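The following pair of complexes shares a single chain, chain A, combined with chain B in the former and chain C in the latter.
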Partner chain A sequence: MKKFIHEFLRGIIKENPTFVLVLGLCPTLAVSVSVINGIGMGIAASFVLLGSNIIISLIKKIVPGRIRIPCYIVVIATFVTITEMAMKAYSPPLNRALGIYVPLIVVNCIVLGRAEAYASKATVMNSLFDGLGMGVGFTLALILISAIREFLGAGKLLGFTLFKGFEPVFVLGMPSGALLVIGLLLGFFNVLKNRKV
Partner chain B sequence: MEVSRGVKNKLIVSASPHLHKDESVSKIMWMVVLSLMPAGVAAVFIFGMPTLWVIILGVISAVIAEGIIQIFTKRKLTVFDGSAILTGLLLAYNLPPHVPFWLPIIGSFFAIAIGKQVFGGLGQNIFNPALVGRVFLMASWPNYMTAFTKPLNYDAITSATPLAIIKEGKILESVSYLDLFLGKRGGCIGEVCILALLLGAIFLLLKGYISWHIPIPYIFTVGLFAYIFGHQGLFKGDWIFHILSGGLILGAFFMATDYVTSPLTRKGQIIFGIGCGLITAIIRLWGGYPEGVSYAILMMNAATPIIDRYTKNRIYGTK
Partner chain C sequence: MDAAQFLTIFISAVFLYNVILSRFLGLCSFVAISKETKPALAMSLSVMFVTTMSSIITWLIYRFLLIPFGLTYLRTISFILVIATFVQFVEMVIRKISPPMYRFFGIYLPLITVNCAVLGVAVLNSDMFFIQGKAVPGSFVYSIFQGVCVGLGYTLAMLLMSGIRERLDLCHVPKAVKDFPLAFIIASIMSLSFLGFNGFRF
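== the complex of A and B ==
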């Protein structure tokens, strides 16, 4: 059990997909305008990551090495389609807000990266916890970025206006602001990491 | 050998003759600050006392920002070498006269933190810090950044800048060349009084702190393009108006010439100046904004490393 917890925690801190591996920046930049979008994207990606990690770990022995990437893509695309359909059925506004970035989870480098680098070599249980950890790490990173951007860029948090008379930093709502926030957070986490060592 | 006994071996001494010049980065920075003073005095006279507060707030918060970051990152404290003061001053000069008090503070903090210290401090930054601050403010609070005050009217009545009026396709009235030259027009604090700016610029040119290789090609290119493609028709453009309005003189003499972010060689500097002029003219004549000096200089800042690479001086005696 201790080993599984280790697998799980690794994705959140030591190998956080956004701040350490710097993967999946495209959806991060695009959807981190509001916390709701961030959570939605995080959960969708986590579900796909979890499912694809399990299935790919199960089929790792029977997939021929030379065509493994197309096989992984088919598996991932299946889960993405499930996610998209579920989102369309139960939460159309979120689906509209995330737009093209839900189907684009297929080519999200975190999902493919974990499949190739981890799930295709590890046991099913390890892959499961790895997928879960990576998903949670991605979600937390998205929440952090989108909370900063929504608060400073629109003066709101989860859609509620916090202060009256607050002049929002308009630029943080734009993609350039997302790059700025991610860059500063990356630097900040690097400083923390270097201080510990 | 007798002479150099006291000198550590790590000092590399080049071939003679050796001339000692009584200059330092700090002294140059202070001289540029000094040369900007007339424009500030003129702006306070034109727009009233609130202008002075904007300038003071900009300078003080730039110095405080630099101090905080240097203490926090345990670097040597160099808040009084003049560079932070210059950044704060230039940022304030790039703001409209009656902005809310927090605007210059945030701008200066951003300029120093993101524009300069993130890259490692003085001499390491890619972009002109003051312009980084201005563009950030422009993208964040465009409503405040484009609310210009009427000149010589201390009731804070807003009026568009001459360039903005031209941009909207209206015909400019009641602003003569003399008004533009003396600064009787709407605009940013430091850019309006051309006379005062030219005084400072001539001082810097005569003392050799800046050379003509960036500002003159810059202004010439803008004038040429305004003359050819101006709103009055082909080869009929009002080039004097384009040179005297907007932030061209301030940008060309005081911001494009920043040592850190402009090319090193004379040839490179001329290319840099022409590039700035091209982009400024394109933004002014066809772009979405009425004024393009800050964006032009920032874009050419980004091109500086590549200009430097292709205009390297030939080492004497090599091919």
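== the complex of A and C ==
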């Protein structure tokens, strides 16, 4: 059990997909305009990550080495299609807000990266917890970025106005704001990392 | 089909909604390969080629296979498979017919398979130029043109970025923001200046 907890926690801090591995940034930056979008994207990607990790670790013995990447992509794309259809059916506003970034989870480096680097070698249970941990780490990173952007860029949090008379910094809600926030956050985490060593 | 439409596609794909600086597609390769100009150019040209070709292929698949059989929900899975196969095929062809070209482009081609820009263009085309399951008149040409323009936008951002980073190599930079963080901050400033094409509304 302790081992599983270790697998789970690794994705959240030590190997956080966004801040440490610097993977899958396209959706992170594009959808982090508001916290709700961030959470939606995080959950969608986590589901895909979890499902594909489990299936890939199950089929790792029967897939020939040379065509493994196309096989992994088919598995991942299947889960993305499931997510897309579920989102269209149950939450059309979220689906509209996330737009083309939902189908683009297929080419999210985190999903394929974990499939190739971890799930294709590990046991099913380990992969399950790895996928879960990575998913939660990704979601937390998205929440952090989108909270900063929504608060400073629109003066709101989860859609509620926090302070009256707060003059929002519009630029942070725009694409350049996303790049700035992620650049500064990466620098900040670098400082923390260097200090520990 | 008229010239105004082409101009709109061109301006919006290259400047207003630049793939990298505004849509954030293909960001991984943008940060990873933009350290020097020559590899950046090779990567950009490969991306432009693949976005153009995949626009053609995915339009044909969407129009003649997915729509007639009511399979549009298989869009993601079929597009990515076709793009991956196509890229693999191009890599094999180039290796066979021109080894020098393979040395120039070869290593970037496999990366393009999982480049969001390529799948992004295909999905965008099928969103923009098909209305309620019907092709807009001239949509085939528009799709190809959008593929080329997105490639051009990618090339523009890549060249600007690699030029800046080459000069940056000579500067002293705080250790904490070296490489990735600084690249993002520069991209942010570039994106801000691209915002000027959009017009400011405050």
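Note that the second predicted complex is superposed on the first by the 197 of 197 C-alpha atoms of A that agree within 3 Å, B and C clash if a C-alpha of one lies under 4 Å from a C-alpha of the other, contacts with A are read in each partner's own complex, and residues count from 1 in each chain.
Keep this in mind: a contact is a pair of C-beta atoms (placed from the backbone, for glycine too) under 8 Å apart; a residue touches a chain by one contact, two chains touch by 3 or more.
Note that the structure is predicted; figures quoted are calculated from it, not measured.
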Exercise for review: Quick one: classify A:V169 as touching chain B (first), chain C (second), both or neither.
Suggested key: first
Practice item. Identify which of chain B and chain C touches the larger number of residues of chain A. Key: C
Review point. First (chain B), second (chain C), both or neither: which does A:C109 touch?
Key: second
Exercise for review: Once the structures are superposed on A, label A:I5 by its partner contacts, choosing first (chain B), second (chain C), both or neither.
Suggested key: neither
Check your understanding: Taking the superposition as given, does A:M125 touch the first partner, chain B, the second, chain C, both, or neither?
Key -> neither
Check your understanding: A:P70 contacts which: chain B (first), chain C (second), both, neither?
Key -> second
**Study point:** Which of chain B and chain C A:L180 touches, first, second, both or neither
**Key:** both
Check your understanding: Thinking of the overlay built on chain A, is A:L58 touched by chain B (first), by chain C (second), by both, or by neither?
Key -> neither
Review point. Between chain B (first) and chain C (second), which, if any, makes contact with A:N190: first, second, both or neither?
Key: second
Exercise for review: Answer with first, second, both or neither: which of chain B and chain C does A:A86 touch in the superposed model?
Suggested key: neither
Revision key, fill the gap. Going through chain A, the residues touched by chain B and also by chain C turn out to be 170-171, 174, 176, 180, 187
Point to revise | In the complex, chain A residues that touch chain B | key: 167-172, 174, 176, 180, 187
Check your understanding: Where on chain A is chain C touching in the complex?
Key -> 22-23, 25-27, 29-30, 69-70, 73-74, 77-78, 80-81, 84-85, 100, 103-104, 106-109, 112, 170-171, 174-180, 182-184, 186-188, 190-191, 194
Practice item. Provide the residue numbers of chain C that touch chain A in the complex, in ascending order. Key: 21-28, 31, 73-77, 80-81, 84-85, 113-116, 119-120, 123-124, 127, 174-178, 180-185, 187-192, 195, 202
Check your understanding: Which positions of chain B touch chain A when the two form their complex?
Key -> 114, 118, 136, 139-142
